[in-house]
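Attaching a single structure in structure tokens format; questions to follow.
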Amino acid sequence: MKVTVSRRAHFNAAHRLYRPDWDDVKNNEVFGKCNNPNYHGHNYELIVSVKGPIDPETGYVMDVKILKDLIRSEVEDAFDHKNLNLDVPEFKNLNPTAENIVVVIWNKLRKHISTTLELEVVLYETPRNFVKYTGE
Amino acid sequence: MKVTVSRRAHFNAAHRLYRPDWDDVKNNEVFGKCNNPNYHGHNYELIVSVKGPIDPETGYVMDVKILKDLIRSEVEDAFDHKNLNLDVPEFKNLNPTAENIVVVIWNKLRKHISTTLELEVVLYETPRNFVKYTGE
Amino acid sequence: MKVTVSRRAHFNAAHRLYRPDWDDVKNNEVFGKCNNPNYHGHNYELIVSVKGPIDPETGYVMDVKILKDLIRSEVEDAFDHKNLNLDVPEFKNLNPTAENIVVVIWNKLRKHISTTLELEVVLYETPRNFVKYTGE
Amino acid sequence: MKVTVSRRAHFNAAHRLYRPDWDDVKNNEVFGKCNNPNYHGHNYELIVSVKGPIDPETGYVMDVKILKDLIRSEVEDAFDHKNLNLDVPEFKNLNPTAENIVVVIWNKLRKHISTTLELEVVLYETPRNFVKYTGE
Amino acid sequence: MKVTVSRRAHFNAAHRLYRPDWDDVKNNEVFGKCNNPNYHGHNYELIVSVKGPIDPETGYVMDVKILKDLIRSEVEDAFDHKNLNLDVPEFKNLNPTAENIVVVIWNKLRKHISTTLELEVVLYETPRNFVKYTGE
Amino acid sequence: MKVTVSRRAHFNAAHRLYRPDWDDVKNNEVFGKCNNPNYHGHNYELIVSVKGPIDPETGYVMDVKILKDLIRSEVEDAFDHKNLNLDVPEFKNLNPTAENIVVVIWNKLRKHISTTLELEVVLYETPRNFVKYTGE
């Protein structure tokens, strides 16, 4: 009997999509206005979900307070009010598309969550564009 | 060819998280402010989903009006404006964590829905914390 | 390593639920006020999701701008500010229930999206009623 | 000491914007795709607010249950699952723009609400377009 | 030149509507299921707004961080995970209707905010019921 | 008889709060993490409202399509996917706080809207922080 527990969080960041090994023409062609060299930004909203059995002692799959604190230390403290390209080591050589960001977040959280729990991360870049990664 | 049909509903309730076989120190340690002996409360939001083939006669998987009425009689009438610990029999001996509530709701609905349909229940305790159960 | 990319869109349309081979009594019994012969309408909200590997060159599963344009040409241009029963060929002989609409949309989009990508469509008829189809 | 009390409600309806005394060219020029002769539709969301002193006996400005029932009888029963142009007498000779609808709703509610209370109605035609009328 | 700055916050609480000087019949007649002697509860959402001139030095009307911390100490710490009737002194002899709660919150905040700023508080008891107080 | 018509829009941008005439210590003290020299960013959501009499010919206060196009040309084209400090002339010497941004937007729109209409702009920096300006 497995239940999924989800927690919503958020961070605000600047970023730019481009490849340093491409020239401006190619970068503009592929990334359009997301390639602005002066950066643009988003309010990223995050839903982190863990799935597993209910602990019969507590009635919890995982204490949401622990999940909340983990998201704060691993994601919010690391990404909030940052420039993803310049301030966050994981994106020094990785284009910070929503797809790449959600995989980075999943990997950061995965190592702190019990292996008995499945992990899913949904990342909203805007209320209209979002991505999901389950480690699959 | 299977389609999932979802219906949103809601109820407001008080609850308290604790175990009567634990002392106050242990209850506070595990459940924190959710252990307030005078109770606190939530606007619970609910999404009930059924998945199955489209009836070629009606174009429905299940008439949403029937699903809505079922949620009303099984969930809203039973839980709305109630104290889950004191007024709802299912929680007389079960800690009303979101995880336990979603399983109770799923079990109540399951017996009234055709076995040809899969059932999933999502329960929002707050807009930031929610749980999902699929009977798996 | 597969990521799901989702895009939200919307269209406004009128429709009526009924079967021309049923008499009024039967249509009213099954479809209730949705059978109003003068039609009623909805703001349909749509979430289209594609799942597949991240292209290591671009960091994209699929360029969201391409997905957005595809939804515009296949769904919004075809359905927005239309009467689904009278103006949209797919519903000439198909009852425009949410279930049937979501399958029609999925089929329209499927033929324009790479077969390496899985496709899921969620359609909100109202904020309280919605359906999902994955082609399964 | 005055407090404003608000209640949210909703109805789904079809409509068409046009003037019978204008020809098709003029109607299309002014009303664009909203002039589809086969109609289109919306999920209208409504926020009704009354402002006045708190009754020291009950702690209420107005019992929200009474306000809810009034919105149901005056607005939802009259407009829900209707074609505004064809089924609703107020729009027989009045173009059902959001502006005209909100004034009609305000006038219908005003005569049932105590004159000691100010009344405001907000009407969402879509989540992106909405109107407000205060009787001013 | 005055700008309004708003901050959203939230707390979860239990409450019960009744008057100790009325008998059960009268309390049930007036307050219905809100009079459950075992309490029910809500996720209260709060929007606090201050209006005043922009400080030309900082570009702020009021630093939102200061407003956020003030809401936390005066409202969230005092009301969150509490039983309003039993745990919050202001409601020992005051019926905790949404109207009375919003006035209590406004009064608590008013004395900590510069008199050069106007103050407005909106309180959502549910997403469908909310109240507003401006001190007027 | 005046009705308010509102239209929602959005843009994504990077920015940084600081004063070039203050040293780093003072900038950090006042603007905290919003002073990151590498910028951060937001999904700004915008609600533009105009208030005036209903044109008896059209039933419109102002054609929402015209308002939508005006917001696109004056706000979205100018601010979307931009760095407010570096790319937008209005903020070359003006700190891009939410308060200053909303006044700039109001001034840009005001000169294109009939003087018979009142104008109000609400700007969400995040779903939790927002500002409003009415020209008052």
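A few comments on the model shown:
Which chain is which? They are A, B, C, D, E and F, in the order written, and residues in each are numbered from 1.
In this text, a residue touches a chain if its C-beta (ideal position, glycine included) is under 8 Å from a C-beta of that chain, and two chains touch if they have at least 3 such contacts.
Bear in mind the structure is a predicted one, so any value in this text is a computation, not a measurement.
When the partners of chain B are compared with those of chain C, the chains appearing in both lists are A.
Compared with chain E, the chain whose C-alpha mean position is the greatest distance off is C.
The pair with more inter-chain C-beta contacts, choosing from A-F and E-F, is A-F. In terms of their C-alpha centroids, the spacing between chain D and chain F amounts to 29 Å.
Chain centres here are Cα averages; for chain A and chain E they lie 34 Å apart. In chain B, the positions touching at least two other chains are 127. Applying the touch definition to every pair of chains gives A-B, A-C, A-F, B-C, B-E, C-D, D-E, D-F, E-F.
Those residues of chain B that touch chain C in the shared complex are 1-9, 49, 54, 57-61, 63-65.
Contacts from chain E toward chain B in the complex involve residues 10, 12-15, 33-34, 36, 38-43, 80-83, 86-87, 126-127. Listed in rising order, the residues of chain A touching chain C in the complex are 17, 19, 30-32, 94-100, 102-103, 127-133, 136.
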